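Structure record follows, encoded as structure tokens.
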Amino acid sequence: MTEMTRVSTDIDYDKNGKQHGHLSVPNSRDNSGWGTLLMPITVIKNGEGPTLLLSGGNHGDEYEGPVALMKLIRALDPSEIKGKIIVIPGLNYPAFLAGKRLSPIDGKNMNRIFPGKYDGTISEVIAHYVYHYVLPQIDACYDLHSGGYSMFMVPSAMCHYLEDKDLMARHIEALKAFRAPMMLIAEELDVAGMLDTAVEEMGKVFIGTELGGGAILTPESVKVAETGIRNVLKHFGMMEGEPVTPTWRGQTEAKLYEIPDLGYFCQAKADGLYEPFYEIGDWVEEGAPVGQIHFPQSPEHDAMVVAPKKGGRIWCRRAPGMVEKGDAVAVLAIESEK
Amino acid sequence: MTEMTRVSTDIDYDKNGKQHGHLSVPNSRDNSGWGTLLMPITVIKNGEGPTLLLSGGNHGDEYEGPVALMKLIRALDPSEIKGKIIVIPGLNYPAFLAGKRLSPIDGKNMNRIFPGKYDGTISEVIAHYVYHYVLPQIDACYDLHSGGYSMFMVPSAMCHYLEDKDLMARHIEALKAFRAPMMLIAEELDVAGMLDTAVEEMGKVFIGTELGGGAILTPESVKVAETGIRNVLKHFGMMEGEPVTPTWRGQTEAKLYEIPDLGYFCQAKADGLYEPFYEIGDWVEEGAPVGQIHFPQSPEHDAMVVAPKKGGRIWCRRAPGMVEKGDAVAVLAIESEK
Amino acid sequence: MTEMTRVSTDIDYDKNGKQHGHLSVPNSRDNSGWGTLLMPITVIKNGEGPTLLLSGGNHGDEYEGPVALMKLIRALDPSEIKGKIIVIPGLNYPAFLAGKRLSPIDGKNMNRIFPGKYDGTISEVIAHYVYHYVLPQIDACYDLHSGGYSMFMVPSAMCHYLEDKDLMARHIEALKAFRAPMMLIAEELDVAGMLDTAVEEMGKVFIGTELGGGAILTPESVKVAETGIRNVLKHFGMMEGEPVTPTWRGQTEAKLYEIPDLGYFCQAKADGLYEPFYEIGDWVEEGAPVGQIHFPQSPEHDAMVVAPKKGGRIWCRRAPGMVEKGDAVAVLAIESEK
Amino acid sequence: MTEMTRVSTDIDYDKNGKQHGHLSVPNSRDNSGWGTLLMPITVIKNGEGPTLLLSGGNHGDEYEGPVALMKLIRALDPSEIKGKIIVIPGLNYPAFLAGKRLSPIDGKNMNRIFPGKYDGTISEVIAHYVYHYVLPQIDACYDLHSGGYSMFMVPSAMCHYLEDKDLMARHIEALKAFRAPMMLIAEELDVAGMLDTAVEEMGKVFIGTELGGGAILTPESVKVAETGIRNVLKHFGMMEGEPVTPTWRGQTEAKLYEIPDLGYFCQAKADGLYEPFYEIGDWVEEGAPVGQIHFPQSPEHDAMVVAPKKGGRIWCRRAPGMVEKGDAVAVLAIESEK
Amino acid sequence: MTEMTRVSTDIDYDKNGKQHGHLSVPNSRDNSGWGTLLMPITVIKNGEGPTLLLSGGNHGDEYEGPVALMKLIRALDPSEIKGKIIVIPGLNYPAFLAGKRLSPIDGKNMNRIFPGKYDGTISEVIAHYVYHYVLPQIDACYDLHSGGYSMFMVPSAMCHYLEDKDLMARHIEALKAFRAPMMLIAEELDVAGMLDTAVEEMGKVFIGTELGGGAILTPESVKVAETGIRNVLKHFGMMEGEPVTPTWRGQTEAKLYEIPDLGYFCQAKADGLYEPFYEIGDWVEEGAPVGQIHFPQSPEHDAMVVAPKKGGRIWCRRAPGMVEKGDAVAVLAIESEK
Amino acid sequence: MTEMTRVSTDIDYDKNGKQHGHLSVPNSRDNSGWGTLLMPITVIKNGEGPTLLLSGGNHGDEYEGPVALMKLIRALDPSEIKGKIIVIPGLNYPAFLAGKRLSPIDGKNMNRIFPGKYDGTISEVIAHYVYHYVLPQIDACYDLHSGGYSMFMVPSAMCHYLEDKDLMARHIEALKAFRAPMMLIAEELDVAGMLDTAVEEMGKVFIGTELGGGAILTPESVKVAETGIRNVLKHFGMMEGEPVTPTWRGQTEAKLYEIPDLGYFCQAKADGLYEPFYEIGDWVEEGAPVGQIHFPQSPEHDAMVVAPKKGGRIWCRRAPGMVEKGDAVAVLAIESEK
């Protein structure tokens, strides 16, 4: 921990009890030369036990995680747990305050810049601190994403295919522990700089979630988040009690799925207005179109149909109507035997 | 019709058959001095009968209407109808192309600037043409709104309380004809410059819809739009066949509601992250909170509860998580006897 | 008061006691279709007596007035006064929240758009309400300006030359009552749409202030504001006690000045970096330069000297270093015999 | 001339000799509350004779006029003329400084807002002054346009078809006097608020020019501007000497053309990259395509051909490669017998 | 080719025939978290032979190259060539779609960032792919530039002075093969990160072009581009037939020129409005001014003359009228004996 | 000095006499592909002696330094000095021209990017040149800062605590030589990339100043700058004469202060409108509040008091009224015995 950092904090990570503090990140602006970003962080510790990082707001327009975490840190008494939880409700804090996926200060996607840079942009300085000062402390990280403005998702938890079999096994256990309506194992397309990879490469457990989307909240998806976090604390032996499976649109079971390859992804092949034919969670037969693109400049032209190569259950779909060529409009998944 | 206008068109409103054309609106820009906005318009006419204006995109981020109308103008053969339908899928066309509520050119809300201005901004020039050249032709207007980026709505049709009893009666019939999951009679808070008022004051029928929201589309809400339009054509004797009631989230009936007064509206009283406790369509008891606002800069602070003064069914709620003080977060309605 | 307005309020202007409420102004935005601007307003009333409008934030970057008014409405008990004070700390509320002179929503200068418009932009809608619903209630208005970002001013109160002799006399009394370090009578260069003119034309008293500037606050200038308001309440018989003359940079007297003509104004005649030779309050001899403009692109070029045609005391000067051709850099005033 | 104005000037319009002065237009900005736009204006007068307004920069990205006028006011000695010329090189002065067609302050097209407004936006305030204080003084106006960023034009002078035969005859004489490579009579499509119309309706002569384009200058087009202005002064008997016909791309004759109807205009019918098949001044046979639109998102798709309905000489064509649907890409003209 | 990349493609570089495909570049945006840039690429291959990269849109506002390449890939049958051509019509694809020199996403100049970065900004990710996956395949690269918005150029091809004599000789041959109106050898002032340098350092041939400018197209300059590319294919033995020399402004010969040193460059020494005295291709005597700068804020001031130190033929000049201090306004060249 | 650079200059650093020249920095823009930033630099040399770098505009909104330096380079005759001074009045030149702290081109804080990058953004390219071409020449650097837009400072000079005792001693002498009203030794909080550190690590003397603030100038603070620079030249034996102590707000003595730890800094803990209770230079007792934050959205709420942990003299305070959470509002200092 002798790596230099430009971030300071009023938190003592070794202290028992509940501390609400800040990460202080230098943020010189035209209208505040000596401005500082005061990012909220809460640490709740009670004696020995595992250490978990619970983070939200990695993308600033994904809200189930931050809401569940803000409610947790207010409600949880240190005596209820064993070990330590480190909670950062808004990891890309400027993006979180702005309600945008990317940082409005440097335009960065927080989840593509790990391990960060000591003297980089503000997002990179935050990532650098988390990488060098927080990750070494932890046993596992649950990074609570949702679909954000652009995607609607079946509330889900997910992990990646990993080469290390033991680590993979621990991930699948930690994944199932969340008890989301869908639990997914998938290949990531673009892994450069993900927090996920940073944690996995340290040999630690990383579980992500996708709890809803459209930059909105629903009562059910918030409930999935809140229940999931407590299930996880129970899984790691940090909290007492039986795990609970939340209900979502009438579904009361948590199942394991996989996305075996790219044939389950659908992209828009033109700019236009996307009309989906299915809701998330629906089953689509192989070869069936999932939606079509209309052309607002030429309404008289036929719509362009979008069809995945493989059939499956719709894990997520494009939320806003307007699409650009290359945008993801649907991803499908199939049930797993693992 | 001798009112001057800056808009021209290649449409002949008196011709039988189907014409896909444009309204040409001068749009001088820094990068196109002699640029013209070519707004799509379709007229389908078959002999005598009523004339209907079917419009979408009055706000540019409301999509069920435009999608249903684009499908209609491609599918409908003139021989299927009697009379004339004038279809403008994107009324605030620059806003529609941009996917924004307000015009990106002049910042105007199209639905607050009627009767427009001959020499005004581009939105006002469009409104002026519609007022002076389209509205005089019609018997009724169905203006297809949705909740847009900021609100989720139970798919609904609505009209205003009108003083003229006969006109009111005709409105209620025209409203019920749409067969949306909710059909609402309400007082408008801020009527200055609405298309609604412009049509009503001509003694003609104006029905608005709110078909979904969040700047998204769902298969069910698109179906409500498509079914509703055809129901209306049947109601006006322009098309043959029986009206159909669409299904929405398992509900198979179309019911009439009212919003009697301001006690059914809920506003955010602080900036923050809004967590709803109910979904649209849920029933809320009098005095029960509908949601709460969390404070991202101070997650340790208690959330601020939001509660309407009256109980009712949640007609609509705030879609995106982030709210500013003064934003509408929920509107409730109660069943009507009318 | 039957003029239509788009503004509503929860304030009862006729009720005794202290009410903190809002003016609700419709503010439809891309991210909040049914958004409302909730502008703070406080009314403190105790029985019969004059009615005063105390306003700040007419320009959003002028702070002594808003601070003094916010402190006043918290501190003042209704029993301390006779009559009624209506306090609007942020008249151009969007500009005030943004800390900018002009409205960030419509770009308007609130002090050039009176009497406003029923169906205008948001600033015009606010002005229209104030003109039709607030001004008719009042006997006098003190509109608390400062120099804002661009000017530093000797803390001062001011009124215009008026043709009606009786009204002029009442203005000079109301002006002197404020007891600012400078009290000024001046001709306004560009009177179109000022709140000042609106009030004066109703035959009521309008006193403006210029309490400091540079978009900043100093302890002394805040004190001038707070003392001045209470002096005014005493002047109108609404509060008991003797008036107090505040100290400013060692000056303990409040004196009357005039700006007889345009020869006392100095403009920059080129773009560049302005270096003032005097501080506000200094005396400048006739013909002496008040400053000079340096050229950052060509530092080797001689600076361009700026000199007023007349001598006088420097009432105000340009605050920020960078100037554009046509910017005011200094205004002088001379002692008055009135 | 008792119309109120917010504009003042240091020019004495009745004084003999050469005066370089300013129009002072109030321009309150966030960074200069008391800022003033100091628009250059030059008046050169020598005894009795006609009065001409020579204006440039009506659109801010059209440069031949301003350059020719700036050279003229430096070079011309009052003794060389009889009568008075009023020269405003940058009529939409903020647009001219920014090098943009429209005002960067209020977004206005100066040539669509006459007669302006006393209390309007800054462009309207300028137009209002010109209409009420300058136009009443003049006998004729030559408003020197070029194609600006978006169009390339054969250097040309032009006037409109007018109903008053005598006025039309005087216009044709004044048009021919300019001796541009093309001299055009045309119908304007969108006349609302043009300076042209304002002058014509006063029964005075208005000649516009289109001297080049692409926001650039060529030595030849500047020469056309300079020669044309002096030819005009000779035509009105204000200057001695014989008129001169400038050379343009080898053409040494000035000819009269007409644009009889809309069949000579070509618009882009899709967004894309426009490739012209002809240069300005080329002759196009009836039915021949003038260019085609390529699709950068889909280079493999065939280009869309653009063809006018009528044949003629290409008066102007789109300059920049990228076009949006509705942009003018070419206008043709045919020789006139008038 | 085991270098990691974030770019994928549906193109098989080893397959015979014509493939229109895409480079898929991850492009996470606020409104499309899983958005992808789908950059068009075409590969045409027929058996053995050299491999050429033909690229356009390195700067997004230079159009002759992209137009010629889009026409080529539609027209060319694989059987017409031997070997392989890789065609990327829009290398800085976001800049190309926007019609801007620099990327609107990251502000980067594509031609100063080679060899790119695996985890860099989007322009750097594209450059990194081209460097590691495309350049290793090729024998030569023709990168088709034009002057863009800011410069007009005599249609020309160019290469750099290289130390390796053999490579230099091969470059001169490849240069002459293009048969542009001017063919230039020049020293580059600022070589950091150029595609040129990247190719040259691999010992491969790099020829750039400057085919026109002003962000526009002319029929003649498009012809130079189309002819030149086919001439080049013949030069490399990939296509049959005799090379053709295109005509430009009456010139029918292709000549070699050099820019020996910095004395042939002219910069603006002040902000203002630039008036050129010569057209591109004109000969300027030593010491003669090439243009002058007028001052729009002070039209009465004399213009500032711009003169190069050396005489020569004007290879290019500033296109738009407005200039800032430091902008290039002209570059001259002299005939070469090489 | 064989490090590559993208910057060139017309200055000969070894030549005696006074040279006004430029640093030429490539600055390719959308509207000037071959644009160059021509940054002013002046070198005045007279035979042997020390070399000093005098820089201003490291942050673009700090003006005392640039004004004093522009006056110095015009006034100073080479014969008045021994040795060499290198003067760069606007180090972050784009920021200086814009009057902003950070570069408007790349958003960089010039004082956090040393030693710069050869192929970096424009600010990094400038820093890289200064680091590799200017710093090696010098004996000492006086970098003239002020508070800029956000802070008001007692005019002061300052240096850091350094581990090397000899270097520390030389710094304290060089610090005292400036004779500012306050002379400070302080710990820097965030040293990454400072020019200060770059110079110190070369074993050379670095003195910074903070001469005023609020983006403004006062006659007294300009005098402190001008006097200080000449005092320094005398200190280094480069100029003859006795040092002079300037007067500031009646204070005629220059004293040494220290900021021993973070207890002397005050931050805003909420967004709002900051009201200071003290002026700069005032003494604050331990525990006393220095100001309070008002809440413009809720004026009825009590203000939040801000109090430092330690007492001291107010070295600087927040200038503009509006603050964000984390902004510095005051820094205190205590007298030093050193």
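Chains: A, B, C, D, E and F, in written order; residue numbering restarts at 1 for each.
Keep in mind that, in the parts below, a residue touches a chain if its C-beta (ideal position, glycine included) is under 8 Å from a C-beta of that chain, and two chains touch if they have at least 3 such contacts.
Please read these numbers as outputs of a predicted model, since none were measured by experiment.
Chain centres computed from CA atoms place C at the largest separation from subunit E.
When the interfaces D-E and E-F are ranked by C-beta pairs in contact, the top one is D-E. Centres computed as Cα averages put subunit C at a distance of 43 Å from subunit D. Subunit C has its Cα centroid 50 Å from the Cα centroid of subunit A.
Remark: subunit A and subunit B have CA centroids separated by 35 Å (rounded to whole angstrom). Within subunit E, contacts with two or more other chains are made by residues 61, 149, 297, 320, 325.
Listing the residues of subunit B that touch subunit A in their complex gives 20, 40, 42, 61, 63, 66-67, 69-71, 73-74, 89-90, 96-97, 99, 152, 214-220, 222, 273-279, 294, 296-300, 302-303, 319-322. Interface residues of subunit D facing subunit B in the complex, by the touch rule stated above, are 59, 61, 100-102, 107, 109, 112, 147-151, 189-190, 192-193, 267, 320, 323-328. Touching subunit B in their complex are the following residues of subunit C: 4, 6, 24, 26-38, 106, 118-119.
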